[in-house]
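Below: a set of structures, written as structure tokens.
Shared between the two complexes below is chain A, which pairs with chain B and chain C, respectively.
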Partner chain A sequence: TEGPPSCPKGCDRCSEYNGCVKCKPKLFIFLERNDIRQVGVCLASCPVGYFGMRNPEGNNRCTQCKIDNCEACFNRNFCTKCKEGLYSHSGRCYVSCPPGQRTANETMEC
Partner chain B sequence: AGVRVDGSGDAEAGRASCPGRCRCELDGLLLRVDCSDLELRAVPSDLSVFTSYLDLSMNNMTLISAGALSSLHFLQELRLPGNDLSFIPKGAFAGLYNLKVLMLQNNQLRSVPAEAFNNLHNLQSLRLDANHISGVPAGSFSGLRSLRHLWLDDNALTEVPAEALSELPALQAMTLALNHIRHVPDHAFSALGRLVVLHLNNNRIVSMGTNCFHGLHSLETLDLNYNQLMEFPTAIRSLRHLKELGFHSNKIQSIPDHAFTGNPSLTTVFFYDNPIQSVGRTAFQNLPELRTLSLNGAAELNEFPDLTGTRSLESLTITGARITSLPTSVCEQLPNLQLLDLSYNQIQSLPSFSACESLQKLDLHHNEVEALEENTFTGLTSLRFLDLSWNRLSTVKPNGFSALPALNRLDLSSNQLSSLPLSGLQTLTHLRLAGNGQLMELIAREDLPRVRWMELPYAFQCCAFISCDRKGGSSWEKEEAVEAAGRDAAVLSSQAEPDWEDFLMEFEDGPKPQHAVHCSPTPGPLRPCRHLLG
Partner chain C sequence: EHPLLRALIKVTLLKHEATGKPIVVEGLFVGGSAGKAEGRLMQYHPLSLCNTSEDERQDGDFITIVKLEHRVPRCLPLLDKARMALDKGAQAVIFDVSDDANAAAELREANSFSRPVVLVEAQGAEDLMGLVNKNEEANVVIEIKVEPKWLHYDV
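Let's turn to the complex of A and B:
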């Protein structure tokens, strides 16, 4: 079933000023910055620097990764893809591997 | 940066050909192809062999036929979320030797495909969340020797797929959250020696094998929140590297002695919203990395816990218990304490807090403290907020507050004070004394030079802080009118009356340049400044 005609794709409820305010089940709401406004859009997967937090009520949201030098994360504290040239170890990103860790250059991991 | 290629399908360009209506971008020698949201029913047939990224999200695909992608040897990321895939045949991903990321969330799968993922040797991230998966056949993850991240949350699993998981030696992060799992059996994760993060929140877990976490040598984060656990999960004992543990919103009634004895690396533990009645006295011992401990409503807890070896604690909250006294060594045990909240207990006397040099906030309201000694607060050079309201304070020694250079909020309301030593309170900005009926002495303004907000027992005591004889004398009427209007407004919105929390916010902005003092009860015609009772 499609949401109201004026709502963006994947959206169940929206407002003219704030875009989507409630997405269809299973999708994530992401607050896109538009000048001083934040406009809600509905995504199947969250953009770079964000991860999808699901909850039983279905208010799934894109939430910011809190790890330095991280492009994609599993949760707030565990990075799944570090920025180019950095090594990953236990979900964190390093310029060089911590002491005692060997460098695996092919996968950029310690 | 990539070079955009239009969707006209330029065959000669070979590498640069972009399937109709898709949006493509050259990325060095490879091609990034975005065919999302085009109402496609099948994988485009004219994909370039040099495609490294393919987004087929939010289309209407119900099937991926075997071999449909087999020429894409350079493909590293394949996105298929938001389609209607209910079945994926063997061979659907054949030929994808370099695939690293495969997204299948938000489809209609009822089971993990038994063979479709086999031998994707370089696959690192597999998303299967938000489907209707109730089973994970043994062998379905066979050959995924590089898989690091697995999403199976928001499905219909009723048990941990232990056998299938045993083929994922490189797994580092997994979520099984938002499923219907009721029991975690022993050795459920025993092959996952490199797992760092495990989410089991929002299931129906009632019980756990005492060895269910056996083998998780690298686990740092364990999320058991929002389950039906009745017993403390003693299985955590084997998790030596555990840093973050959550089991809030369960049905646990007690925390045993030595509960975290196997978790010396614990920095954070959340267990609120459990009907915890009793706590073993040694439950929180030897947690050298623990920063915050919060325990509310443990009604059977009548002794302050022994926190030996938990020296890094910065915030300790134990409210709603039956603690009657504190050990004299409380500050020696907790030298880094910044916040101590022991409100709603039955504490009758206080030790000296002088060794708690970092203490900034001390909340002891709703206890049974009767007296404050000379040395109770000596040495607390960082203390900014002290709440002793709703106690039985009748005696405060002359220098009881004399050594508190940073104190600016003091709440002594609802006690039995008849006098108050002001020595040392020059830094106060907020003072509450209401509810001390025998405290009738006048407070001199110069004793509290920086005060801005006061609640005193009697209106006449406010006169020193609000100049009573205003020009024209009409200010009473105006003030009465304003106050009456204020009261009406208060009926409509309970937040019209400034309360303590508002002033906590105001405190963050720092002292107001213009030194207006809010003092209540406000003197007025019915509550004259001259104290009629002499």
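Let's turn to the complex of A and C:
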């Protein structure tokens, strides 16, 4: 069933100033900063630098990657793309590969 | 219980700073937080003040404004939301409580905020949120409203 006509796509409940306040099931709410405004938008997948965190009540939300030197992550602990010049190993980012690990420069992995 | 002090919120769009007349809105200090504060106006979505929120750090002095809505899933008590906003570096927090009848009562129970926390509603809140909707940088000054002292005549 479609949300209220005035709400943006994928949104169940919205308001003029906050944008979306409750997304449709399975979607993630992303709090988008645009200069002084911050509004809620509903996404099927989160932007780079964020991962989708699901919660039992259905208030799924995009949450920032918190892993050092990481640009894109799969979840809170697993980086999928390290910042330029860094090597990735088991979901973490390294300036140089840990001892005992061989460096694969083409894929920047250990 | 001491009466809650009223606040004067003066907002000037940065592009009109030299010539523009500020918009002046009245509010209510809560949590014994009456005092002066100044900074850029910055809106936060109510869901950004939750335990799972990001540490979205702002540069420079800013004043947070949050439009509360009873329909938004409540992730934290309002007192904790106010403290979280101050912990994120806000010089002060303004809550528009027009659409959340319980919010004012809940926030009035607060007793100790480190910096000003102000409630606004009705036309004043609408003026402020209208500015937010313009999405233009604005400077905010919050002060204590000094009530005129009338001489009491015995009649």
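Please note the rule applied: the second predicted complex is superposed on the first by the 110 of 110 C-alpha atoms of A that agree within 3 Å, B and C clash if a C-alpha of one lies under 4 Å from a C-alpha of the other, contacts with A are read in each partner's own complex, and residues count from 1 in each chain.
Rule of thumb we're sticking to: a contact is a pair of C-beta atoms (placed from the backbone, for glycine too) under 8 Å apart; a residue touches a chain by one contact, two chains touch by 3 or more.
What you are looking at is a predicted structure, and each value in this text was computed from that prediction instead of being measured.
**Student:** In the superposed arrangement, does A:90 touch chain B (first), chain C (second), both or neither?
**Tutor:** first
**Student:** Tell me which partner touches more residues of chain A in the superposed arrangement, chain B or chain C.
**Tutor:** C
**Student:** According to the stated criteria, A:19 is in contact with first (chain B), second (chain C), both, or neither; which is it?
**Tutor:** second
**Student:** Go through the superposed model and pick first if A:54 touches only chain B, second if only chain C, both, or neither.
**Tutor:** In the superposition, A:54 touches chain B alone.
**Student:** Check whether A:103 is in contact with chain B, with chain C, with both or with neither, and answer first, second, both or neither.
**Tutor:** neither
**Student:** Could you look at A:29 and tell me whether it touches chain B, chain C, both or neither (first, second, both, neither)?
**Tutor:** Once the two structures are laid over each other on A, A:29 reaches chain C alone.
**Student:** Could you please specify the touching residues of chain C with respect to chain A in the complex?
**Tutor:** 40-48, 52, 54-56, 67, 69, 71-73, 75, 96, 99, 129, 132-133, 135-138
**Student:** State the interface residues of chain B toward chain A in the complex, per the touch definition above.
**Tutor:** Contacts found on chain B: 37, 57-58, 79, 81-82, 103, 105-106, 124-125, 127, 129-130, 146, 148-149, 153-154, 172-173, 175, 177-178, 196-197, 199, 202, 218, 220-221, 226, 244.
**Student:** Using the touch definition from the top, list the residues of chain A that touch chain C in their complex.
**Tutor:** Chain A residues touching chain C: 13, 15-19, 21-22, 29, 31, 33-40, 53, 57, 59, 61, 63-64.
**Student:** State the interface residues of chain A toward chain B in the complex, per the touch definition above.
**Tutor:** Touching chain B: residues 9-10, 26-27, 44-45, 52, 54-56, 74-75, 77-78, 80, 90-91, 107 of chain A.
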